Structures are given as C-alpha cells and as structure tokens.
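Note that the chains take the letters A, B, C and D in the order they are written out, and that residue 1 is the start of every chain.
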Amino acid sequence: MMWLLAQEQAPVPTLGIFTTGSVIDFACVLVLGVIIWVMVARARTGRKIPDIKKIAGLEAVDEAIGRATEMGRPVAFIPGIQSVDNPQTLAAFGMVSHIARQCARYDTRFLALNCDPLPYAVIEEITRQAYLEEGRPDAFNPDDIRFLSAEQFAFVGAVIGIFERERPAANIMFGSFYAESMILAETGSFQGMIQIGGTANTHQLPFFVAACDYALIGEEMFAASAYLSKEPVMYGTVVGQDWLKIIIGLVIVVGAILATVSPDSTFLKDIIGGY
Amino acid sequence: MHPHISHDLAIWCQAICTLAVYTYLYKDNPIFRVAENVFLGLATTYIFVFQFFNYIKPAVIEWIWTNGEYHYILAILLGLAIFFRYVPSLSWIARYPMSFWVGYGTGYTLAFWPAVWLDQVTASFVALNSLQNILIFVGVLCTLVYFFFTLAKENPVVAGVAEVGKWYIMIALGSAFGNTVLYRWNLFLTRANMLLFKWLGFAS
Amino acid sequence: MERLMKIDRRLLYLVAVVVVAVTVFFPLGLPVKVSPLAVQTYDAIQNLPDDSVVFISNMYDPGAAGELSPMLKAMLYQCMERKYKIILGNTSWTLGAGLAHEIITPIAQEFNYVYGTDYIELGSKPGGVVWLQSARIDLAGAALVDYNNDPIGQFPLMQAVPKLTQEYVAAALVLDCGTPGAPDWLAQITQGTSMKLIVGEIQMTVPDALTYVQSEQYTGMIAGSRGCAEYEQLIGHPGAGLKTQDTMSVITLMITLFIVLGNIGYLARKK
Amino acid sequence: MRKEGPMILTVISSLVVVFSTYFFLGQKWNLMAPLNNWFQISYSIAMALGFINLTAIHGKYIQRKREGWFYSIILLVSMYAYLVLGMIQTHNGLQFNWIYENAYSPLSSSMFALVAFFITSAAYRVFRIRTKEATILLVCAVFVMLGRAPIGDAMWGGWSGFVNKWVMGTMNVAGMRGINLGIYVGAFATALRIMLGLERAHIGGSGTQ
C-alpha cells in the first residue's frame, strides 16, 4: 500500500534537476547573485560604480551623534527585538559598527539596548572591535551594551527607565520592531530626543514616520550598512538591488501590456507560476 | 446592571494581573513593577520549558538514543558552544553556532521568499482598462522608483515619479496606522470585557 | 493655548476609559455596512463542493482572541451549515488549542457533528513551519495524537485525509495574527495548488494582507473586527464582532479629536 | 578556524536550505527535516543564555542592594520556581499551564493593550504634521479609521465603500506591494552579502568588509 502510494505520486524533476515550480524562483536568486557579483568585481578592479543618492535618515545619524556629543549625553541604539535569523537584525549590525566608531571618535557614550541575547552578544563584539579600530579600546565600557530582557514588554519598561535616568540625546531604532515601537517612539519624542527609526515591519512603520524625526522605510534600511560604509564594494551590492528592481519593473510593464492587449492570455503568468 | 462578582480563583487571578498592569497608567509604581518582574520571570521560563520538552528532550531520548541518529549530538554540542562566550580566550568558538543560525536564516530567505513575492509581481499584471487597475499599476512602479538608490534625484522626471511613489507609501502607511489604532483598542476592549463581565459579572 | 498643550496624559486616559465603558453598556447600534470583500469571502466558503474537507487553523492565542475567536465561531457556523468535514488545529500557538476547543464543542453539538467522523481537533502542534512541511507529506504522522491525546489513526476522518494537500483538503481557513501564520500556510501549503486559502486577519495586518487578496493568493479575508461584524451578518449569527463596532466608532472620534487638538496647538506654537 | 570556519559554516548551512528547496535531489534526500531540528535543538539550548544573563544582572543588583533590588528577587524567584515546576510537570503540566493561562497570559495581553493608551496620548502629544509625509499619513489614517468604524458611514453613506475600494483596496495595495517588493529585494541582497562574505558582523567582523 505504501509502495503503491509512492509509485502513484512519484514526482518528476522539472528540467531534470529542479523541484516542481522552483525554476524561476531559483533563477531570481541566481540573477541577483550574478548582478551583485559583477558589481562587486567591478568595484574591486576600481571601475566606476554609480553614486548612491542621499538618504536623509542615514545622513541624520551623524548629525544625531554630533548633537549628543555637544550636549555631552549618550546615544541610544536599539536593534529591534528579533534574533539573528531575521534579515533586519543582520542589517542593524552593519549600522552598529558605524555608530560605535563615531561615538568612539567623539568620545560619546554609546548605549546599545537589547531584547534578545544573541544580537546582544554580537553587538558587544562589534562595538569592542569598533573602539579598538578607532584606537580607543580603553573607552569601551561593556556595561553600556546591555541585555535588558527577552520579553518584549519587560524590555520596553527597562528602556523607558533608562531613557528617564540616563537621558540620551539621540535614539536610533533600527531593526524588527513590533508593538513596542509606539511606546519607545512616544517616550523618546516627548523627551525631546532626536530620533531615527527604521524597520521593514510595515505595521510599525507609520509610528516611526509620525513620531520620529527621520524614518527609514523598508528597503532603505537594508541598504544602510552599505551606504554608511562608503565602500565601493558595498555600493556595488546596492546597485545590484536597483538592477533587480528594474527587472521587476520591466516584467510588470510587459505583463500589464500583455494583460491589456489580450486579456485571455496567461502566457507570462503560466511561465512564472508553472516553473 | 447588577454585578455578580466571580467566585472562580482563576478569574480573580486574571483580574488582579490585568489591574496590576493598568496601574502603570497612573504612574510607575510598586504594584506594576512586581507584575512586570513576575511576568518577565514566567516568560523567560515558559519559552525555555516549551522548547526543552519539544526539542531537547526528544533529541536526546528519541532521536539519538532510540533511533540512533547520532548527528544530533553535534547539534547539541553546537548549541552548547554559545556558552564559550563567557570564556574570553575561547570566545571565538561561540561564533560557530551564531554563524549556523545566521546561515539558516539566510538560506530560508533565499529559499522561501521568491515563490511568495513572484506572485506579487504577477498580480501586478493588471489589464489597464479600469481606473483602479491603472492606479495600482502606476503605484507599484512609482513606489519601486522611490526605492531606487542610484538614479539621480536631480532629474525632474525621476524626482517627480519618486514623489508620487512617496504619496502611495504614505497612504499605505496611513491605512496601516488607522487599522493598528483600532486593533489596539480592540485588545483593550477584550480586557475590559473580561473585567466587567467575567470578573464583576455584569450581564452583557 | 500653552495650557492646552500641557494636559496631563492621565486625563486623556480617563476620558478614553470612560468613553469605552459607556459604549459597552449603552451601545449606539449604528448599522454596519457589508463590504464586497466580506461577500466574496462568504461566497468562497459557501461555494466549496459538498462534503469538502476544510482545515481550520486557529493560529492565535489569548492575546488576539478578542478579534479572532468571534471569527472562528462564525466560520464554524458557516462550515457546519454547509456540512463540511472539519479538521481544526494549529501549530506553535499552544494556548489556541484550549480556546478553540471551548468554541467548537457547543457548535458541534448544535449541528450533531460526530467527533472523528465529521470533525476532529488536532490541538496545537510544535514546530511551526516545519510542522506544516511534514503535514503536507504525512498528516497523521505529523499530528500523531488529537486534542485529547488519543491516537489519531483510528478516526475515519483522518484515514480519509492522509496528507494536507489539494487532493484531500478543499480549503484552509487560517486565523492569523503573527508568525507563524497565514504567509507560512501560503508558502508551505497552498501556493501553487488548488487548495483555497481563506484568512481571518487581525485589524492590524489587514492593509498588508489586502495585497495578497488582490493577487488572489488569499481567496478571501475576514478583515479585522469590522470584517467579522460584516461576516456575522452574512451568516446570520450576530456575535461579538458586531458588538465591538460601536466602541470602535467612539474611539475613532476620540483619537481624531486628539490628533486635531494636538496639531492646532503645534501650529499655533510654530507661528 | 576563528574567522574562516564560521564563514564556511554560514555558507554551507544556507546552501543546504537552498539546495533542498530548489533541487530535486535535495528534496529527495530530505535534508530539510534534520536541518530544521538542528536549528531548533541548538537554538533551544541557547535560550538558556536568557537565564544566565538575567541571573547575572539581577544577582549583581541584589548583591549591591541597588535601588529596586527587591524586584530582582521577585524576578529570580518566579523564574526559577516556575522552571522547577515546568521541569517536574513538563509543559503539559496542570499547574504549569494554569499559571500560564491565568497569570502569564492576562499579563501579556494587558501589556499589549497598554499600547492603546500610548497611542491615545501620542495622538495628542506626538503625532505632528511636521512634514508633508506625516501630514498625508495622518490625514489618511483618520480617513481610514472613519471608514473602518460604522461612524464613517453614519456621516456619509459611501464612506466605508470609498475607503475599502480606493484607499485600502487600491492605493494601499499598490503602496504596500511596492514597499514589500523593496523589502524582499533588500532582504535578498542582505542574504547574498552574507553568503558572499561581504557582511560578516555576526562572526566578529567590524560590520562590513
């Protein structure tokens, strides 16, 4: 019986090697991989890479650190509340090294407030490295990189307490946020902090837009680490993102034209859906 | 409208917990802080106990001991390696589990997301024969342009298109905002119903 | 003007609580208009073939029960009136199992549904996405026991549904409030199959989920408590969804008023 | 071993996921199931980090009699007492679940519902039309709320219809889809940057290469 069932449903590989319906999916991964590879290779050999437009929210990071320096108050950083398997948290790591270096350079306190033990461990190491690279290993204070709680609302409570006691001048929130976004942004705004918020969680974005001075929307935060690094190789990967979007745009235009000209034709949809 | 207060211990416990949290609205106070710390303690433990009996225990007893799938011993060792971060000279060993989790997450993004978002692309193949479809078509393209990082913003055409994209984005976020506000109040309403009807026993 | 800006926030909270309490006891009874989306969702469930098996997945816990439990109730009414066979269960939302049990038991009695033949409760299974993957290959093997910890192989309904695939299940009705949730059902189970995915969303995720409705990846959606109120009217069982609508009206007015007042103060100060 | 080893492990584990999803052979070998278990097992063990961190921090507070040290005792007692109960009874235990249902769960949902109040005071104190974007957002938000609650229809019969069809069903769908497509592309690029070793903060690089 088992054998019969297996016989009857033995799947057939598509194009010899792929699972059903995954050819186009894999092609997308491959295309972006190749584009990024090419752009990185161009950058490595010193060829020209297109410039990246200014992203106000990211330019404001240095401004915020500058203001905290002038006021002699700390900069707070919150990497969202999710763990290292979330791409947004990974994007936040790229930002940490930039902020930590700036803080080390200007001798401003850098407070990183964590809700998950794993990003906490990573951020501590990145910060230590950043202070080392700026030649200020003595200024690094491990107590400023804090794990507050793994529970969302207990974490919020602890952050509010820190906001009230240590009065940071700037609050940079960057990563995967949920219900706490509203509470954090409201508290920070009411205390007159300069606030920069970035997340790809669309249900929390509006609160960052309405309550923060600068908001990074969706993809902008995935480009942040590359943008702040100002390295041609990393710029190359951002150019790759743009190319993929151009391809998506063109496919949509072609698809819409086809749908308009011959509404019954499902040719393109069949290809994309079928393979 | 006459209340009949509950005699159920469970309901009382729920009501006390709920009220303890709402004392925070007046101001931060000892009752809230007790509730908060109890909550934190329970939360930390619950997640661990749940994971322990669903993964660690079966791994040791069923998968390794009974089924002889000895490779799971490596998984356990990998997990334990994270504790090397407390040994300064060997803290680099803790990078191994970290890189495994990051790799898994990365692979997951690459493997499972394309199928879902490709359908979002094909869904934009709308026949341009109604105002609604045209607005969707234009909106998706303009929003994509807004996220272009390399196109020159000085170019008035690009800037104009990106501006339209920004309008779309703000309308989408405005919708999210409105719905979220109502949702949060609905949550409170659930708590209020619990207090009023289950605990105090008003007839609904 | 300055004084207006300095209103204690506790006063605002008090206003809010009073407003909610008053509408809970003295509802306005404003009519709730039914939207085309609610009709589409109702039709999608109504027009499944007779004797279909539907998998209702209650992917939520008490945190979201306020909005999703009334939806579950309404969905069960419609499915049982249509005499579909029902498999009820979730993955990763441990506490959802108890909630759902309390909801389905009285309704099943009302419709004389026989446990194990007409409906079955799987309870909550650990694993999330991983569980979905294995249920697609071998449902009984992934579930093992039901809500009461009885082995699942003995029930006729489970024998008739060896896999969570389009051959055996006509539609998945997923009540969604977070991760894992409806997007995981889409990616792991229904994407590219003829199994329909109909979701019940919390109000917060409605705008995002609408893009999947437009792309027809979701065949239907009950959109938050408002959607639930509309759906309850369609199936003719007014319930908790409808009851909340008056409070939502008053809350809307209050928030709008606060935003306007706050900004008047802001603009006045800016000048 | 310090830098290359973790890098290689990252690449291999992500390749296994990709391979077993897209390639026929990978699906046949069914590598995904054991890999998922690997993730869950190792990750569950790391959950103990939470215990260690909290014990260390709050132990220190208690030792130094820092302000609020009494609450630290409450935290540690509830944490470890519940742990002992859970380990004896398992996660299906009667008392263990009673505490979950009647203490943890109401605490958790009440905390979530606190946000409603924060939104209310934020509406008054923080949500300002300080930029053009914020203005569009807030106006649209009010409009949508009125459309989603019956009061909108009571003011003008077509309100919910308009909001459902044009604001949420059209403009929002297009905007959300654009945002989401951007997010997918961005997350993709981040994933590829990690696989190509350009971004390696997690293994002790300084953020970016």
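To be clear about the criterion, a contact is a pair of C-beta atoms (placed from the backbone, for glycine too) under 8 Å apart; a residue touches a chain by one contact, two chains touch by 3 or more.
Everything quoted here is computed from the prediction, not taken from an experiment.
Chemist: Please report the minimal path length, in steps, between chain B and chain C on the chain touch graph.
Modeler: Minimum step count, chain B to chain C: 1.
Chemist: Any chance you could name the chains that touch chain C and chain D both?
Modeler: Joint contacts, listed by label: A, B.
Chemist: Tell me, please, which chain's centre (mean of its C-alpha atoms) is farthest from the centre of chain C?
Modeler: Chain centre farthest from chain C's centre: A.
Chemist: Using the stated contact rule, I'd like to know whether A-C or A-B comes out ahead in C-beta pair count.
Modeler: If we tally the contacting C-beta pairs, A-B comes out ahead.
Chemist: What is the distance, in whole Å, between the centres of chain A and chain C, each centre taken as the mean of its C-alpha atoms?
Modeler: Roughly 30 Å separates the two chain centres.
Chemist: Just how far, in Å, is the C-alpha centre of chain B from the one of chain A?
Modeler: 16
Chemist: Just how far, in Å, is the C-alpha centre of chain D from the one of chain B?
Modeler: 3
Chemist: Hey, how far is the Cα centre of chain A from the one of chain D, in Å?
Modeler: 14
Chemist: Which residues does chain B have that touch at least 2 chains other than itself?
Modeler: In chain B, 25, 36-37, 39-40, 43-44, 47, 50, 54-55, 82, 98, 101-102, 104, 106, 108-110, 112, 115, 119-124, 136-137, 140-141, 144, 147, 169-170, 172-177, 179-182, 184-185, 187-188, 190 touch at least two other chains.
Chemist: Mind pulling the chain A residues that touch 2 or more other chains?
Modeler: Only 21-22, 25-26, 29, 84, 87, 90, 118, 121-122, 125, 149-150, 153, 179, 202-203, 205-207, 209-210, 217-219, 223, 238, 241, 245, 248, 273 qualify.
Chemist: Which residue numbers or ranges of chain C touch two or more of the other chains?
Modeler: Each of 13, 63, 94, 127, 192, 203-204, 206-208, 211, 214, 224, 226, 248, 251-252, 255 in chain C touches at least two other chains.
Chemist: What's the contact topology between the chains, one of line, ring, star, complete, other?
Modeler: complete
Chemist: Which stretch or stretches of chain B touch chain A in the complex?
Modeler: Checking each residue of chain B against chain A gives 36-37, 39-40, 43-44, 47, 82, 85, 91, 94, 98, 101-102, 104-106, 108-110, 114-115, 118-119, 121-122, 124-129, 137, 140-141, 144-145, 147-153, 169-170, 172-174, 176-177, 180, 184.
Chemist: Across the complex, what residues on chain D touch chain C?
Modeler: Against chain C, chain D makes touches at 32-33, 36-37, 40, 91, 100-101, 105-106, 108-109, 112, 116-117, 119-121, 123-130, 138, 142, 145-146, 148-154, 160-161, 164-165, 168-169, 172-173, 176-177, 180.
Chemist: For a test of understanding, state which residues of chain D touch chain B in their complex under the given definition.
Modeler: The touching residues are 1-2, 5-7, 9-18, 21-22, 34-35, 37-52, 54, 68, 71-72, 74-80, 82-83, 86-87, 90-92, 96, 98-117, 119, 133, 136-145, 147-149, 165-182, 184-185, 187-188, 190-192, 194-195, 202-204.
Chemist: Going by the contact rule set out above, which residues of chain C touch chain D in the complex?
Modeler: 7, 9, 12-13, 16, 30-33, 35-37, 61-63, 94-95, 98, 127, 129-130, 133-134, 203, 206-208, 210-211, 214, 224, 226, 245-246, 248-256, 258-259, 261-263, 266-267
Chemist: Report the residues of chain C in contact with chain B in the complex, numbered from low to high.
Modeler: Its residues touching chain B are 10, 13, 20-21, 24-25, 63-67, 94, 126-127, 183, 186-187, 191-192, 202-204, 206-208, 211-212, 214-217, 224-226, 244, 247-248, 251-252, 255.
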